[in-house]
Each structure stands twice: as C-alpha cells, then as structure tokens.
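One chain, chain A, links the two complexes that follow: it is found with chain B in the first and with chain C in the second.
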Partner chain A sequence: MTSTPFEYAPAPESRSIVDIAPSYGLFIDGEFVDGTGEAFKSVNPATEEVLSEVASGSEADVDRAVRAARRAFEKTWGPMRPADRGKYLFRIARLLQERAREFAVLESLDNGKPIRESRDVDVPLAAAHFFYYAGWADKLEHVGLGTQPRPLGVAGQVIPWNFPLLMLAWKVAPALAAGNTVVLKPAETTPLSALLFAEICRQADLPAGVVNIVTGAGDTGRAVVEHPDVDKVAFTGSTDVGRSIARAVAGTRKKLTLELGGKAANIVCDDAPIDQAVEGIVQGIFFNQGHVCCAGSRLLVQESIHDEVIASLQRRIGTLRVGDPLDKNTDIGAINSAEQLARIRELSDIGEAEGAQRWQPACELPAKGFWYPPTVFTDVSPAHRIARDEIFGPVLSVLTFRTPDEAVAKANNTTYGLSAGIWSEKGSRILKIADQLRAGVVWANTFNKFDPTSPFGGYKQSGYGREGGRHGLAAYLKGADQ
Partner chain B sequence: MTHVLDPDALSHDARALVAPLPPYDDVTRSDAAFRAFLHGLPGVDQVGAEARAAQLGTRSIKTTSKAWAIDTAISMVDLTTLEGADTPGKVRSLAAKAKQPDPTDPTTPKVAAVCVYGDLAGVAREALQGTGIHVAAVATAFPSGRASKAVKLADVRDAVDNGADEIDMVIDRGAFLAGRYLDVYDEIVAVKEACGDAHLKVILETGELKTLDNVRRASWIAMLAGGDFIKTSTGKINPAATLPVCLVMLEAVRDFRAATGRQIGMKPAGGIRTTKDAIKHLVMINETVGPDWLDPDWFRFGASSLLNDLLLQRQKLRTGHYSGPDYVTVD
Partner chain C sequence: MIGNDRLAVRKTYKLYVNGAFPRSESGRTYEVTDAKGHFLANAAWASRKDARDAVVAARGAFAKWSGATAYNRGQVLYRVAEVMEGRHAQFCEEVAAGEGLSSSKARAAVDAAIDRWVWYAGWTDKLGAVLGGSNPVAGPYFDFSLPEPTGVVAVLAPQQSSLLGLVSVFAPVLATGNTAVVVSSKERPLPAVTLGEVLATSDVPGGVVNLLTGDAEELGPWLAEHADVDAIDLTGAPAGRAMEFEREAAGTIKRVVRAPAGGEPDWAADPGITRMTPFLETKTVWHPMGL
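And then the complex of A and B:
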C-alpha cells in the first residue's frame, strides 16, 4: 500500500484589510470619546500580541451613554416612523455584508476563532439578524402583543467573548427594530469588532445615541446593568454573572433576559446515520473551540454502537487542523484567553483524576498563544464533574445509554437546559425524545445550526427569555397592558 | 474463483454462487438475507452529507500543495472518449495525449489509462504498448446495461480479448431499483469472472440511483461481489459524479477495508471538468479515507476535458500567467 502525504501549504487570509487603531475610545452619542476608566489591552490569543489599547468605561461614562440613549429614544429613534427605523437596519445589514471580510479577519484576530468560521458563520449570520429584524420594524403589531406594542426604552446589554459580533447582532438588531436604544458592553477580551460596528453605525448615519458602546470589564458591565435609567437588561454569559445580575435587577422595574451556560446532551441512537452523526459530534463540541454555550459537550451514545462511534470519531478528530486562526484551512483556533485555558486544563485534569479516560490526537500546538488540543473523555459517569460543569472548551465527555428512556433521563440530568441533539433515522423516535427533553433548542440530525427566525434560549440555569424570531422581539416590547 | 460460471444458471437463483469475503461470507445466502444486510447498513443523512462535502470544498490548496495536487490528478486521469463517432484515429490521438499530455513540458506526468469502447481497445492497446498506461474499456452493454447477461459477458470477453486490462462495467440499475440485489451481485460476480486478469471497475450510475442510501448499498454490492473499483457514473446521465456521492462511496471503501482488509479503488466520472473540482476530490480522499488512496492504483478521474484544465493550471504555476486554450492540445 502506498502512502503519499498531501500537505496543505499555509493559506493565510491577509490581515491588511483591517486597520486596527493603536487605541480606541468609547462610542457615546455618535462620537468616539475618551473613557475616564483605566485603559486595557486587547490581545490576539493566537500570538499574545497586543492588538490595541481600549478605553474602559467608568460609572460616569456609562451614565453619559445611558443619557445619550435616553435622549435618542425620546427625540429621534422613538418617534421615528417604524419603516424608517427599518431602513437604517437594512443599511447596517448591507454594510456588514460589504465589509464582511474586514469583520471576519478582525474577529479571528481578536477572538482566536478560525477564519473559516468567522467568514462563513459569524459575520453572515450577524448580517442575517439585521436583515431579519429590519423587516420586522414596521410590522410590530404582528408580534403577538396586541395592535400597538411599545418599545421599552433604553436597553443595557452585556455580551460575551465567544461570538463578539454575532452576540452584538442578536442583542442590537431586535432592540433597535422594536424602537429601543441601546448601551452595549462588549466582552473585555474581544471589544474590537463592536468598535468596528460603531464605525458602521456612523457610516449608516444612524442617529447619535441610538447605539452606544462602552468597553470595559466587569465593573463597566455592572454600571450598565445597575444604572437606574436602563429599562431593560439583556445578558449573555456565565451562569454566575447571570445570577448576580438577576439579584441586582430584582425589585426594579427593569425587564431582564439571560442567556447563560449549558451542558448539552448530544444523543446518538443505534439507528443514527453514523458518518453524519460523527460530523455532528465534531461540529457540536469543536465548533469555535467549544466556546459555545449550546455546545454538545456531553455525548450520549447508545451502548451497542459505542465502540464503533468512538473509533470513527477519533479517526475524524485526527484530521482536524489546529493552528493559525487566519489560515483558511484551520479547523480549531486558539483558546480565547489564558484564564479560559487554565479553566479547561483544570477541569480536564479533574476528569482524569476522577477516572475518565482522556484521549487527544497527536497534534502540534504553536509555542506562543493559548492552545488546547481537541479532547475526548470516555468512561465518563454522570457523577463526574466533566459531565456536570460547563468546560467551555474543546473537551467532549462521552456517556452511554441503553434505552431511549435512559437517554432522556441522562440528558435532562443537568442544572442547565440550553440545547440538545438527537441522531436517529427514525422520525417518530426523534419527535418522542425531543418532546421529553428540557432544553430550549433541540436539533435533530444536525447540531449548532442557527437562524435569525428561530428562537434561542434556555431552561433552568441556562437562563430565561428568548432571542431570535418573533419571540426575540417580545423581549424588547410591551403590550397595551404593561 | 477458478470455475467458469454458466450465465444462464445465475439469473433467478436465490443463492449467490460465490460468497463474499469474510466476515460477510453469509450475507448473500438468500435474497432476504442480502436485503436485510444492505438495509441494515447505517443510513446516510443527505443534508449532513451535502454539508460535509461542501465544507471539504472550502479547503484552500495553494502553491506547493497545488502543484503536487495537479500532478497527482493528471496521473489519475482515465482519459476517456465514449462517442458513437469514435474512430481508430481519434483513439490514437488520445493515446498520444495520454503519453505526453503537455508537449511543451516533458516533466508532465502521463495519465493512468485511456478509456474507450471495447471494439477500439485493440487500437488503444497498440498505441500504448510499453508505456505502462492502462487500456480501459467499457462493457456490459454500456451505458444502459439493458441486454441479456450472455451479451454482457460476451461484450466483456471481447474487450479483454482486444487488449483491455481494465473493464468498466455498469450494474443493472433496473434490478437494483426493483430490489433484486442478489441478481445485481451475481451479475458482477460473473463479469469479474469473465474479466480474467483485467481489473474490474463497477459503475453504479448514481444519477439513476438517486438517494445516497442507494449509493451506499450499491457500493457494498459491488465491493462484496469482487469489484476492484467502484465508479460513480457512465458520464451519459446527469447528475454524474457529485461530491456528496463521492463522499458516500469513499466512506464505503474505507469501511469495507476496515472490515475485510481488502482495499477497493474509487473512480468518480463525468462532470469533473476543472482543476478546482479535481482538487476538491483529492482533499476529500485525504480527509475521508486517507493518503492510501492518493494513488492512481486506487483513485481515478473519469474525464476528458479535465486534463486540459489541469495542464493550463500547471502552466500557470510554472510561468506565472494564464495562457489560452490554444496552448493545450485539442484531441
């Protein structure tokens, strides 16, 4: 048998399309202004190179931003004809498409995700969200909240680092379509695409104050959430922070939606299309380095096909290409931060110590930057921490089941409930299991598929409220009785 | 297989006369058993297979890897002419091209085989004497396969007698779609027998089988029956070779080797016209079955116009600029 290596030569996307300024201010009332907090650095996690210095918003900065948003809500955006609000959103959507490559490169630089994903998933989906909600702007009477639903006012939004631009789109597009104005706090480690989005707002001539972007860390986020003139708080991130936000908002008039962690079960039945299921397992846990709140981090595979599936999975994982996020052939990029890498390592070590079997493919990791190889744990028991805690990294825990009832019981045995997957060629089985799963999204014979028309959100500690679709608008509107 | 099969004895027997390789040696014991086995193969989710094929198609193959891929693809071409208007002259000119695809660059690899109708195999054999280039002939009432088994087997023997060392047969799609899997199997076994030493490529004509589940089942029938290669299409039906179909067939040869230890080759044919298409296939081999198949002994492209595009891209890499269609030969 002959064996010829087919090496793929480096195919890097050029970063020259992106102009990163050495420092950025806050985007308040349509202008970039200096922050009064201490500036922080945003780092490329693949190289540890400092990309830019970014202003940190203090309480006073947040207050300025909220006042600008309030003014815009009362003077321009609120009174504007809904169809005209739609026009602005369409314009933003088109600009996102026009500058898609720029956004994709910037996102990969700042976040560490492979360009294939930022180019094919993050940026097109972000544009799709704006297109979708732009169409809703003058049709709000059909949302289901009566004939005259009204916007809430100023929305304070805090978003995570795993999909910086996409999470911005999920938050900003429905809020604006419903007639609200926003103050958005991007994640500390990934502020750059939000700042480029600020530039898009200016390019689209969006009235000043409609979108305000205040960068910073936890304190800045707290100031946004706790500001008394914010009418609505929307947060995506960890369950711990979500819990403290819920406490801070309790007893106020603010409406709240939370999209938090997950520990999704990906259930593979013995009658599954095996090759596609293996792809789905890979897509479920290694997409975006596993930095996905709805990641299929618990593989529940029917015991009768366990060995076959694991062998296929390991062979497939062996073909994943880990490395330079800007290389067009990279499948797995860098871990977003040293802090996150430490957490992944810690939980993996605990997994091994508790008796699970760790498997990693032979793969060379770059010397600089934050990296973790794709990892599979077999012999995982539901009592192990790697079966319960969200790892938020490229680490899969494999459990088995014998009957559909057992699969459902194990899948639901989690404090989370964001998503789940089922693989079977039998339609009736899929529907029956899906009915019993307590998870906001259930994918059948696919995983990690997103669409602006589809609501997304969790059960239990995965949060409450829905984003996307008509349901996503309801979170930013009130009916006549409210 | 040493005994000669009587074609008439095969047709409606419930039991295959030649058993497949272990561990599958009992799956052809009856029509029912064979059907149960084929329908017990894991299903193919079409949406998922298409998504995977599309994802592999986004690989970016540049510079040195592109040069390697182009030369590898050239060496895998079964340079094909299958027209009613074929003449000895046409076949000789094709053979000349096969030996020296690019007259301006003698470092260009030669192709794997020349593929013709059986009656012209002799012309091809003579023109390719001593070159190491194989002579492939289509047979078994190609492309429809609608003839009696006796005629098909005579067609095969005739092509082999004329000098073909590779036979591209078509399966009986009618029998397949009617669920007579054992008939399809037995016919392939008989053709393999008739081939003697010639390699047998089994054309599934996936454009007529339609579903990817059917493609997987037909692949297994062909492999179990002793085919050396499985091949997508005749090139006479649209769609011919598509990436999702190739993916499913590659998964079949991969799984078959894992189970039996026997490696089967794979040949997409029809519809592959550009270097980009060819490279997508090489990427798919690399990431589905691995480098063992990245060799003309195990992978072929059934194509005619593909070769010229590969040559143009090869010239482009060498000279840095694109030439035009007059810089490659018309055949």
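And then the complex of A and C:
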C-alpha cells in the first residue's frame, strides 16, 4: 500500500455474539433433522477455519421438505387470513433487526465479506425486504393481477453465496407474502445464516413447513428444482446453471424466475464529476469483493478523461484496506472460496496474456485464507475475455469510448443485461443513455444501490423475472385466468 | 368467386419479410385446402433460411419500432385495424373456408379479431403507467421502473384459429414495442398472408412484422435456438414438440410463453394483459437527489 498519513489500529467486531454449533441438520417441517446425504464443512474463507459441519440434503430429504411445504400450504399457510400471514412476516423483520449484529458477524465469518457491508447493507436490507413484503400480504388484490390473485403453491428456491441472507430474504419474503410455502437451498459455501434464519422462524412461531431449508451442493439444488410437486422455481446464480434449470423445467407447469450473471458497463462521460465517479467505480466493482452479479466490471471511460480517471482511481484504490472481514475498517474482505479464487486468477492471467495491462496496488494479503487484491486492467479491447466473461471478483476492465453512441454500443455489446452505470452532470444525456441501455437496472451517478421497493433483474441472458417491488410479488402469484 | 363469366385473377400467396413479399428461398410451396379438402391455394413453404432472414429483418427494425413514441405506435396499430376493416369480406371468406365456419361465425371471428387489434392499439401508451412507476426507496434517490420491449419475438401462431388466434398472439407483441417473426397456422395460412398485405399497406415499418407460412414443427427448433431471438411464444407448437422447443430456448435464456394446457383457449374471451407482460422487461433507473 502506498504510504498514508493514516494508520489504523485493528478494530475487530467481536465474534462472541455468535454461537455456531459444531454441526447443523436440515430444517424441515419446523424441526432440525439429520440429512441422509454426506455432511460437508463450511469454512471461514478469511482463515480457512472450519466453522461447522452441515448436513447435505439427499433427494429423499428434499422430498420430505417439499411434502412438508405442501402440507403447510394446504393446511396452515394457504388458508390463513392474509393479514395474519403479514403479521408473521412483520415478526420476522423485527427479529432480524433485533439479532442484526449476530447475523452480520455470522455472515462475515461464513462469507468473508467486510463487517461494514454485512452490518450496513446485507442484514438491514434483508429485514427491510421482510418488512416491505409483510405489508403486501393482505393487499394482493392491488398487485395488478385481478381481484383474486392466488399463490402458486410450493416454491423451490436456490440461492448463491455472495449475499446469503439477503438473497434468502429476496426469495422467501415475497413468496410467503403471496401465500406460498418454500423449500430453500442455500449455497454450499455459505449455509450458516440461512440456518440461523431457521431459528428466527421458530422464534416467530411460524407454522411448521412454511419455510424449509435444505442445505447441500448442486445435487441438492437439482433435486429441489426437479421435484415434481414444486410449482415455482426461483434461482439466483450463474447463467450456465440458469440454462440447465430452464431446460429442467421445460415442459412442466412450473413458473420460473432467473437472476443470472452480468457484465455491467459503468460509463463515465467527460462531464462527470471525477471524484464522485471514482467513488462510484470503486463501489461498483469492489463492493463485496466484486462477488456481485450487477458489479460494474467494465469501466467505459470517455477517451479525453481516461488518464485523469485512471490516475485518480489508482490513488483511491491505494487507500482501500484489504483484510480481516471482521475489522470495521476493512474495505475488501476475503474471496469466498478457493474455487472462486482460482477462477479470478485464471481470468486475470488470461487478461494479461491477451494483452491488457494489469495494475494492482502494493498491498499485503493475509497468509491464510483466500485473497485477491483489487485489480485494474487497462488497454482492454471488447474482444478480450476479461471484457466478456463474468469474473465475479475484484477485477475491473477499462475500455474507452469517444461518443455517447459508442458508449451505448459497447455497453450493450454483451450477452448479459443486468445492470449499468452512467456518470454525467447532464440530465438529458443521462436519460438518453439510460433509455438506450439494454439492462434491467441503471444507476446514474450512483452504483450498487438496492431497495425492497425497487424491482431488480436482467435483460437478455441475465435472466427473467424481477425481484423487489410489486413486480417481485407478481412472480409468486397467478391471476384468475392463469 | 366472381359469379359472371369473367375469369378470376388469382393471387400468389407469398411470405411477408422485411416489408416485401418474397417466395420462399427454398422454392417450396404446399397445397392449402379448405375445411372440406378442396384446393384453395399454393402457399409458400418457409424454410430455415427464410426464418433466419426474418429474424435479421426483425432485429433491424427493432430500434426504430421500440424507439417510436407510444402514441405513434398506437396510431400505427390503429391504422392496421382500419385497413383490416377494409379487408373484412376477404378475411371472412378465408376464415370461413379455412376453418369450416358458417359465414356468421366467420364474421364474428373477424369482427373480434379487428376489435382485438384496436384494443391492443390502445394499450401502447398505458403500459408505462400500469406496469411501471416510481419506487419509494429508503434514501435520497429518485427511482423509477418502466416496461420496455424484450426485442425480437418468435411466435408460433395457433393452428386452429387462423385470424382471431393469430391476432391474439401477435398484436400484443407489437403493442409492447417488440418486433416479430410469426409462423402462421400450417393448414390455415391464408388469413395470415392477407394480414401481411394489410400490414404492408398500413404504416408499420418493414421488418417489424415478418409472417411466414409453413410448418411450426419444422421452423420451431431454429427459432427456439436462434441466438438473436429474445422470446418465443409456443402457442402453435405441435403438442409433442413444445417441450423440446422450450429446452432449445433455454440455451439463450429466452422468455417462453408455453402452449396453453388443454389446447387452444377460447380466443374470444377477455385476454387480460398476460400476453403482453411476458414480452416486456422492467428497467429500473436510480438517480441521487441533492443540491
């Protein structure tokens, strides 16, 4: 790291607030039960310490969970007064707020993300999602699907490791508010916050079987998706897995929403306020170590300001603190897994081999755990792998443009279409570019902002369906004519 | 047929692609008969290459059509209904012959088809208000969501209802600002050909709609896997093939409208908006508020 007048003393958040059990079962029908698959270990990616041993759900376990969900749908949750369903969700939102610090620490331990983010973003937003959808539960006739919208039934949900609790909230809250019951499969490397959420369900006295959590790897997820008694499949993850899920549900009556990969362009025009834009670029690509499907991983800078922006960006990156996720001063935490680290390294090496210039700040990385320094590639051409493939790490590819039309053409030159950014002081330019971008979320003079009221989801091969807002609720309902 | 001794001038039935009326590049035609099996026409039998040309045309037309104002799109579509009305008798004759309907039932179907077109024409400038809006986010941002067209939509039109069914599946694709490649009913393609002539003589820009007569079973797989098709409506897919087409479509994460369970629905029923929403994306835009 470049010399700085500021030296920070370590400011670690205490992990004593969290009590991690040595092993966890599956949460089915309101009880923790043993899984019949082979248990696996969840590891702290910052230290490689084993946090707990977690049950793996077999096909039979998934079947048990789906049957529990079906029973709950038919006997308790489905027939329940909508206002009461809402009250349960309000309870859950409040319990998440009450135990927020515990969740934040656990999330940072299991995922590797900085406590600043889990504390200020993941957990508060997860609670906000439950609070938001709680209020919808008894207002479904206003969603826009006619006067008598109906739930779909049992939702099978498979979520990724980058925002474990938040993705759970995005999936579970609208599903329950609409009157469905769920079987949720958390990511293999980050199951712990979902298991703590199971405890929240119990504290809320949520009826048994309404939420079932089946941990495991890809096979467990496949069993959830392919179970014949699942009515709705919701998946967040890679485009490759999304494709195989779309194939698996083809020819069935299952409804499907997919939130897949992205390769967002972050467009900086020559009239942009450079300092703010640099903050936005940093937020866009280094938030959550770049493990963000909507990360601003392609920086498109107007040619005339390229050198100035890059110099300023490198100066700013030099001040980022990489290290202990539990340290409150940490900006960039650990890469979530050895496997992901290998992929980031591989794609970065390809970037260099294809002719792009790699820049990394001088920064000391911890000896143990999975780490990758913030990285900027310049001289990137649109054909380079690092300009096309989702790296899902703290790696920024910089391209240039001369005119706004060229910026739009380059931004849209991708099979993805999840998000995009624009930096400019000119309102009409922002609105015109926003109009032309083929992306589901456009952040203008900001980046990586999320809110439960705000629909989120992709164009093109970034998936279909929306999460958040009224749109997210409609994905779990059908009208009278459907 | 004209009842005096004048020999009628018969029409050559062709494809409608990119605003022109080509024959199939394959040179193929197939015989179209009425419901009783009497010869009606030789229709162009669209090939894989024709389908690909149609996709190129639809992609080329997308920017202009999706970029037109909603008011303009509404007027253009309303104009289509006006021209359809002028072809009312011809549509009735074709629908009656192809579907084996009495003249009063054929007339009812044509009336409903034209009225449906008007209904969709009126939707273009309401979708933003009904499906979009501002989002009250917890922070100093102005945040709004609006519907936008998905892109190029392939439509396998219903096999039975040759005009009302056709209009019911493809007017919503246009009203939402998409461009379309439509494969007509195989055995009852003539109303689709006439509709192509209607479109060509109204103000719909060339390429926005491309109508192929032929076999959905043959063209379906190519359209389902085509990387430049964003969505596919499988309503007219042969019963045994729809699942396979849906699997093909998964390769490029296409938006898929499945064939209705239990065969073709009652096309005369109120369609609701569920044939428009599958072909709309939601775009959400954030901007900070500050002094």
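Everything that follows uses one rule, which is that the second predicted complex is superposed on the first by the 477 of 482 C-alpha atoms of A that agree within 3 Å, B and C clash if a C-alpha of one lies under 4 Å from a C-alpha of the other, contacts with A are read in each partner's own complex, and residues count from 1 in each chain.
In the analysis below, a residue touches a chain if its C-beta (ideal position, glycine included) is under 8 Å from a C-beta of that chain, and two chains touch if they have at least 3 such contacts.
Small disclaimer: the values here were computed from a predicted structure and weren't measured.
Asker: Record, for the superposition on chain A, whether partners chain B and chain C clash or fit.
Answerer: Pair status: fit.
Asker: Given the touch rule stated above, what does A:9 touch, chain B (first), chain C (second), both, or neither?
Answerer: first
Asker: Looking at A:446 after the superposition, I want to know if it touches chain B, chain C, both of them or none. Which is it: first, second, both, neither?
Answerer: Both partners, chain B and chain C.
Asker: For A:247, is the partner it touches chain B (first), chain C (second), both, or none of the two (neither)?
Answerer: second
Asker: In the superposed arrangement, which partner chain does A:319 touch: chain B (first), chain C (second), both, or neither?
Answerer: First partner only.
Asker: By residue count, is chain A touched more by chain B or by chain C?
Answerer: Answer, by number of touched residues of chain A: C.
Asker: For A:272, decide between first (touching chain B), second (touching chain C), both and neither.
Answerer: First partner only.
Asker: Give me the angle at the C-alpha centre of chain A between the C-alpha centres of chain B and chain C, rounded to the nearest 10 degrees.
Answerer: So the C-alpha centres give an angle of 120 degrees.
Asker: What is the contact status of A:430 with respect to chain B (first) and chain C (second): first, second, both, or neither?
Answerer: second
Asker: Rounded to a whole Å, what is the shortest Cα gap between chain B and chain C in the overlaid structures?
Answerer: Minimum over all C-alpha pairs: 5 Å.
Asker: Enumerate the residues of chain A that count as touching chain B in its complex and touching chain C in the other.
Answerer: After superposing on chain A, chain A residues 445-446 contact both chain B and chain C.
Asker: Could you please specify the touching residues of chain B with respect to chain A in the complex?
Answerer: So the residues of chain B touching chain A come out as 42-45, 47-49, 51-52, 58-66, 68-69, 72, 248, 251, 263, 282-283, 286-287, 291-292, 294-295, 297-298.
Asker: Report the residues of chain A in contact with chain B in the complex, numbered from low to high.
Answerer: By the definition above, chain A touches chain B via 1-11, 116, 120, 271-276, 279-280, 319, 328-329, 425, 445-446.
Asker: Which of the residues in chain A come into contact with chain C in the complex?
Answerer: Its residues touching chain C are 128, 144, 146, 239, 242-244, 246-247, 250-251, 253, 258, 260, 415, 430, 434, 439-446, 449, 451, 453-457, 459-464, 466, 469-471, 479, 481-482.
Asker: So in the complex, the part of chain C that touches chain A is made up of which residues?
Answerer: 130-131, 133, 135-139, 141, 143, 145, 150, 230, 242-244, 246-247, 249-253, 255-256, 261, 269-270, 272, 274, 281-288
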